[in-house]
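Multiple structures follow.
What follows is subunit A paired twice: with subunit B in the first complex and subunit C in the second.
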Partner chain A sequence: MFFGLIGVFACVASARFVRDRLLHAGEYYAFILLAVVGANGMAAASELLTAYISLELLSFSLYVLTAYAKFDLRSNEGGLKYMLLGAFSSALLLYGIGMIYGATGSTHFGDIGRALSKDTGGIDEALFLGLALIMAGLGFKVAAVPFHMWTPDAYEGAPLPVTALISAISKSGGFALFLKLFAEAFAPKIDDWRYFIAGLSVATMVLGNLVAIQQSNIKRLLAYSSIGQVGYLLMGIAALSPESGSALVLHMMGYVVTNLAAFVCVIIFYNWTGKEEIKDFAGLRDTAPFLTWSLSIALFSLAGMPLFAGFATKFILFQAAADQDLLWLAGIAVTMSFVSLYYYLVIIKEMFLGKAEAAVSMPVPWVEYGALAVLVAGVLFIGLYPAPLLDWVDGSTADVFAGVGQAAVAGR
Partner chain B sequence: MPEANFDWKLLAPEYILVAWAGMLIMLDLFWPAGGIGRWKRLDKESLGYIAAAGALIAVLVSLIWVDHVVSGVLRTDRCFRVRGLRAVR
Partner chain C sequence: MGGVLFALVAVPVCTAVLVMLVPSRYPQLVRYLALLSAGTQFALSLLVFFAYEFDGGRGLRFGFRLDWLENVGFLGKHGISLHLAVDGIAAPLVMLTGLVIFAATFVSWNISYRNKDFFVLLFLLVAGVFGVFESQDLFFLFFWYEVAVLPMYLLIAVWGASSNFGSFVRTKEYGAMKLVLYLVAGSVLIFVGIFATFVEADRGTFDLPVLGQVQYDSDFQKAVFPFYMIGFGVLAGMWPFHTWSPDGHVAAPTGVSMLHAGVLMKLGAFGILRVGMTLLPDGAVYGAVSALAQTDLKYMVGYSSVSHMGYVLMGLATMNDIGVNGAVLQMFAHGAMTALMFTSVGAIYDQAHTRDMTTFGGIAQKMPRHSAFWAIAGLSSLGLPGLAGFIAEFHIFVGTFRAGYYWAGAAGILAAAITATYILRMLARAYFGPLNEQWENLREMRLGEQFAGALLIAFLLFMGLWPAPFIDRISDSVANIPGITS
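Let's turn to the complex of A and B:
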């Protein structure tokens, strides 16, 4: 359902963009819907090969969409890089699935978990290698450092609505699979992989946020910011517990709603001006106040400021990590959130204090503004009253932790 | 032979999405330039809203139909439970 909503917003945000800038609209929207099918499959899969096929359906749709601006060299370059590195990561993932199958005798998450629960000895080589390859493969898909190299180029080159789609659906689908796989299958060996994931989380949030500071293109900035967000999400895996699972899904939802709001703003701005540098946003408050306030709310939320979704979801996630003796990791995450505030404020400063080159009144795209209003309302709702969503998410993740995973985590 | 145990009924949203994707391609390819009767030329912007409507229908079907059987964000895994594919140890 959640991925379907991402598809709805991606299609609405694409409508004018595709009309003005792309060819073959039918196939474009068909690929968006197929990407939603792939993401649904990833979240629903309880078996490695089904998960793999769903992931490939999602990935192939996104490769094509990234390179969809046929006459734009950046789009072609981004699509090619994304496809080559994606194919490499798919091979790693598939090899890892093979190793896990060899070590445990099953591709079902539950059966793998049961096989690992019985194995009271240390982790064997095949299992360790399989686990490492699966982490690397999924790390590529969600853009965790050091497997993030495709992200800035794919984000910058892809048509803007596709960038929004990649940032939302690829990460949320990837983390839904990450959570199910590690909770149901690999939880019995949590002590063997926890600190590896925690290390990935630190590297991802530090590099993503520090490199974002240097960006002058808003798409690249949002790309590195999304890498930083992946670092926070990985905390939920490192601190694997029913609470951290719920916190991870909640943060993922808050992040997706917020990020889509930010991207819809950037898409509307790009449809007007054809520009995507941060300095081009100067003086936007005078020409498009609704857009300026909406983008400011989205950016404050991404930074984790109170009143907005980012604060509530990060607070719950960091608390869940601290409860699992990962207070140091939560501390680094809080520090990086402050760092991220800096580069978001640079954009807000340009919009409010910068001087526009020419004061031109922008036409109001009502449909996009409607979609933006819904997303901004979502950001505020999650920020001010996250309890109903958290209850709903708790109910869902309870099932994930109901089997072997819960026993292993509880018995630790 | 592995025995499949898909609960096809729960894949209704996915069927809708795939069928809608096919319909969009057909509309784009074969909709007459002069329109059909009262229906004018189908422009690229309209296709976007039609696609969004398809995704929204799939969301509603998920909420009403699938969640009626298995509720929650990550609970729909029953439809993907496949028996077989286990190694003989």
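Let's turn to the complex of A and C:
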């Protein structure tokens, strides 16, 4: 259902953009829907091949969508890069699945988990290789460092609504699968992969946030900032526990809502001006106050500032990690979200303090503003009253962890 | 009565939302709304202070709880709740906040550039300040702390003023960015401290009274206390993390400076007291020496605000009741006094567009009331008996000597003497003596500013002449802090 909502917002946000700038609108929406189906499949899969097929469905829709602006070189470049690297990582993933099947004799998550918890001996090489390959494959899909290279180019090249869609759906789908797979299947071997994931997480958040400081294009900046966010999310996997699972899903939701809000703002701005450099946002406060405040709220939320979703969800996620003896990781994460505040403030500074070059009268896009208002309300809702959402998420992660929860504890 | 505390947080937040909805073509309506709200907050905060004695309860009064997250994930009963209550330490500080926001609203009356946005951010900031003073929950204490810090960036960057010091220029953007980055860097440390404390306590709750009952391992206390101490210390202007303070203050608009130097910096010292010293007394003993190490002379006389906050930290470091009482008294005294100083400075800057004191001369002839305000603030700052500063500094020095830190106490007194020198010299130079013709056209402060100043002076005199209500409330609660000797 959550993925469906993302799809709806993506369609609403796309409408004007597609009409103005793209050809073949019909297929465009069909691909968005296919991507949503793929993501739903990934979240629901409890078998490796089903998961793989759903993931490919999602990825292929996104490859095509990325390159959809046929006459834009950057779009083609981004799409090509995304597809080549994506195909490569799919191969890795498939190879990893093969290894796991060879080591455990099953592709069902539950059966793998049971096989692994019985196997009390040392680590099996084939199993370890399979695990590493799957981590690399999934790491690529969610853009974890060092498998993140495609992200900035694909984000920059893709038509803006598609960028929003990639950032939302490819990550949430990827993490849903990540969590489910590792909680149900690989939990018994947690000691073997925990620090590997923790290392990925550190590399991802440090690199994403530090490189983001340098960016002058808002899409690239959001691309690197989303890489940073992936680092925080990986903490939830590294700290694998029912608490961190629900914290991860909650943060994912907060992040997706916030990021969509940010992208809708950028899309509206792009529809007006056709520009996407940070310095082009100068003086936006005078021309479009609602847009400015919405974007500021979204950015502050991404930086993890209170009143907004980012603060509550990050706090819960980091605390869940600290609970699993990963206080150092939580410390790095907090430091990195402090770093991220800087580059978000730079954008906010431009909007409030910069001087607009020429006063452009901008038509008010009511549909987009409506979508934006709903998203901003969502950001505030998650930030101020996450209790119902967390209760709900907690229920579903409890199911995921129920099957092998005991086995995982016994295996530790 | 618990509703009072909730109202103190809710009123500014609701005002912010309400003001945001006012169309920007009615700036006057925005002003009256702001004044009404600030007046309400002032009245409520007076109620908290004066009704304190009549509300029964052990230590904490006016308790109020709104569960936010509980029985989910790693959180148990009352896991995270908006738990508001004040003790004798928080009560005067709540009143101070009410006083300063009321005065600041008068002083900010003439802001005309986007005054709607200004008041929205100002009231968010105030909600954060009230929230920190009242919170009895570690999560929400931190939540409000960040709410108080965040609006500062835009308040300074948009409404502030850049300064040219001749040899170098400090832009308002620089001051704002530096301030926010320093304070948020401090909060990173607090964040880590909170995580560590929660895990160590293992009670599944962030409720401070519950966390306070836990006996923490002594090594743990020593390891984690510095996180709180430095994290909150950044906001309290603790050396060597104080350099954001002069840059930020110089750049900030008057009303914001009043709140910032007057109240916000107190949040830092209050955080050390409320979280660090209350939860981790062993660590505090260990950290006290490091706090005293920074009472060196250069630092004490360098910047007035920083040096007065230095007294607060010195008082906390004594770890005995007189010294800690003095620290809390000093928070109040300095808050009211700085607000008064910034009111006067702002009044003259609005007309002269410079704050360079050397260019003034004989202003007293043109602005007698302004000069009187400035003189009173200055005299309180140098510790003249009868004004609030004296009571506070006296307590702190007695506490310091009793704790055996003789040289620190001596340095503090010497610094007070040096403060007296520069305050008196400035009075002589800028306010008395022959009038500099350049300032022929200066006019008296606006009526609103005069009212704000008079109100602040009333409280300086109140505490200076009749400190008993303050000391009663404060010492009552200070005695409950573990590790405080009498």
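Here is the rule we go by: the second predicted complex is superposed on the first by the 407 of 412 C-alpha atoms of A that agree within 3 Å, B and C clash if a C-alpha of one lies under 4 Å from a C-alpha of the other, contacts with A are read in each partner's own complex, and residues count from 1 in each chain.
Heads up, the rule we're going with is that a residue touches a chain if its C-beta (ideal position, glycine included) is under 8 Å from a C-beta of that chain, and two chains touch if they have at least 3 such contacts.
Computed from a predicted model, the values in this text were never measured in an experiment.
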State whether subunit B and subunit C clash or fit side by side on subunit A once the two structures are superposed. fit
First (subunit B), second (subunit C), both or neither touched by A:Pro242: second
Residue contacts on subunit A - larger count, subunit B or subunit C: B
After the superposition on chain A, what is the angle at the C-alpha centre of subunit A formed with the C-alpha centres of subunit B and subunit C, rounded to the nearest 10 degrees? 130
A:Val37 in the overlay: touching subunit B, subunit C, both, or neither? Say first, second, both or neither. first
Which partner chains sit in contact with A:Ile316 here, subunit B, subunit C, both or neither? Use first/second/both/neither. second
Report for A:Ala87: first if it touches subunit B alone, second if subunit C alone, otherwise both or neither. neither
After superposition on the shared chain, which partner residues are touched by A:Ser106: those of subunit B (first), subunit C (second), both, or neither? first
Mind working out whether A:Gly26 is in touch with subunit B, subunit C, both or neither, as first, second, both or neither? first
Go through the superposed model and pick first if A:Ala203 touches only subunit B, second if only subunit C, both, or neither. neither
After fitting on chain A: smallest Cα gap, subunit B-subunit C, Å: 16
Across the complex, what residues on subunit C touch subunit A? 68-69, 72-74, 139, 143-144, 146-147, 150, 153-154, 157-158, 173, 177, 180-181, 184-185, 187-188, 191-192, 195-196, 198-199
Mind listing the subunit A positions that touch subunit C in their complex? 242-243, 246-247, 300, 305-307, 311, 315-316, 318-320, 322-323, 327, 330-331, 334-335, 338, 341-342, 345, 348-349, 352-353, 385-387, 390-391, 394
Partner subunit B, residues of subunit A touching it in the complex: 1-2, 4-5, 7-8, 11-12, 14-16, 18-19, 22, 24-27, 29-34, 36-37, 40-41, 43-47, 49-50, 101-102, 105-108, 111, 176, 179-180, 249, 367, 392-393, 395-397, 399-400
Complex contacts: residues of subunit B adjacent to subunit A: 13-14, 17-18, 20-22, 24-29, 43-52, 54-56, 58-59, 62-63, 66-67, 71-77, 79-82, 85-87, 89
